[in-house]
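Chains here go by letter, A, B, C and D, matching the order in which they are written, and residues are numbered from 1 within each.
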Amino acid sequence: MRLIAAGGGQVCLELDVREDQTQHHGFVHGGIIGAMADTACSWAAATVAGDVVTASYTLQFHAPATTALLCVHAAVIKQGKRNVSVEARVLAVDDNGAERRVATALALIAVVGAG
Amino acid sequence: MRLIAAGGGQVCLELDVREDQTQHHGFVHGGIIGAMADTACSWAAATVAGDVVTASYTLQFHAPATTALLCVHAAVIKQGKRNVSVEARVLAVDDNGAERRVATALALIAVVGAG
Amino acid sequence: MRLIAAGGGQVCLELDVREDQTQHHGFVHGGIIGAMADTACSWAAATVAGDVVTASYTLQFHAPATTALLCVHAAVIKQGKRNVSVEARVLAVDDNGAERRVATALALIAVVGAG
Amino acid sequence: MRLIAAGGGQVCLELDVREDQTQHHGFVHGGIIGAMADTACSWAAATVAGDVVTASYTLQFHAPATTALLCVHAAVIKQGKRNVSVEARVLAVDDNGAERRVATALALIAVVGAG
């Protein structure tokens, strides 16, 4: 995963999909998409809250990802004392740069210093 | 609940909070906020998919709602054959019209005709 | 809602469904089921963690509830310093006492003292 | 991942954690745990519903996983026409066989034939 941009509660990551990260239909494994979403959400929270750990996330899959490039945008919705709410969009980017949303996440990231 | 606007995958609802919808701290019951979010998400899905039923939703509470007016905006993220993904923001609106986000929902609404 | 039992991280609540809590098909409103699940989860957390507030919950609807009696069982899965994980089952109970699971919730309840 | 048992709506998988699957604190990456939970839930659904695809899941992390062995148990809660509800527990198993729950998932798995 490449960090494209981070700061102010927002993070953008990219991933060049390796062949061993696809399953038998040529789709990117859901686990890869989940890992991208989780990572982006926790990093976005870290830009505003320092040391954090993912407490929970909900991930919806909208469509299979079949492109060689994936990117994820995560943005903090609300920063609380104990938990930070973050949402993320995972996009499949084709060779022409066209984007298609393949998954959406809503995460609750716990602030480690708190409690 | 008042329907303010609906169409094209989007819905806006308002609620004048009654006293019996608050708990002992004067905050609006979480159940009221959940019901608003669920209703708005399923109606938003219905504007594009017809007969629907909520399959699941995730609701995050960001802050207590203490205003007399609540509104919820729901928008379809992705329309699939079997399920429609919808996100919603619940806002507390004070007497000056200032809005504060109090909850966020991510819902999966099942299309009744499908399957 | 009637409190049937509470203690040691577990709570059982019952609700006699009123006619105004059903929608036009005679099914219990999803908002009522969400409110029962949320309440049971936060009370279950409170039995082990004191003052708490719901941070988020995910609710899945399995089947419409058409009985006059609903009950919900909630049980703490894990008690952390900042958040308590709780799961809940909402059951429709018919006149013969037969139970049918109509919804499942997985909640994250924040400990108010922490942070 | 090793398939230990599958059938009747239930699945048990194990994973021997490789060093490159841990992060700098020696904890297993959340993405690995998410992938195990997602895989187990979709396989459990497949044992009763055939061809399926994950529509969404919610994952709660309870504690860091520091053992060399992880296992996940998934069980179908409810089989609908369009969607199957599945819950999963991810356990860290130490060298003495003692288990500790590190994560819980609640998944909605879409039946591919439907719709």
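Observations on the structure shown:
Methods note: a contact is a pair of C-beta atoms (placed from the backbone, for glycine too) under 8 Å apart; a residue touches a chain by one contact, two chains touch by 3 or more.
Small disclaimer: the values here were computed from a predicted structure and weren't measured.
Relative to subunit A, the most remote chain by averaged C-alpha coordinates is C.
Among the pairs A-D and A-B, the greater number of C-beta contacts is found at A-D.
Between the Cα centres of subunit A and subunit C there is a gap of 30 Å.
Subunit A and subunit D have Cα centroids separated by 20 Å.
For the pair subunit A and subunit B, the distance between C-alpha centroids works out to 24 Å. Residue positions 55-56, 58, 60, 108 of subunit D are each in touch with at least two other chains.
Shown here, the protein chains touch in all possible pairs. The part of subunit B that touches subunit C in the complex is made up of residues 29-32, 34-36, 38-39, 42, 53-61. On the side of subunit C, the complex with subunit A involves touching residues 55-56, 58, 81-83, 108, 110-111, 114-115. On subunit A, the positions that touch subunit B within their shared complex are 58, 60, 62-63, 77-78, 80, 85, 87, 101, 104, 106, 108.
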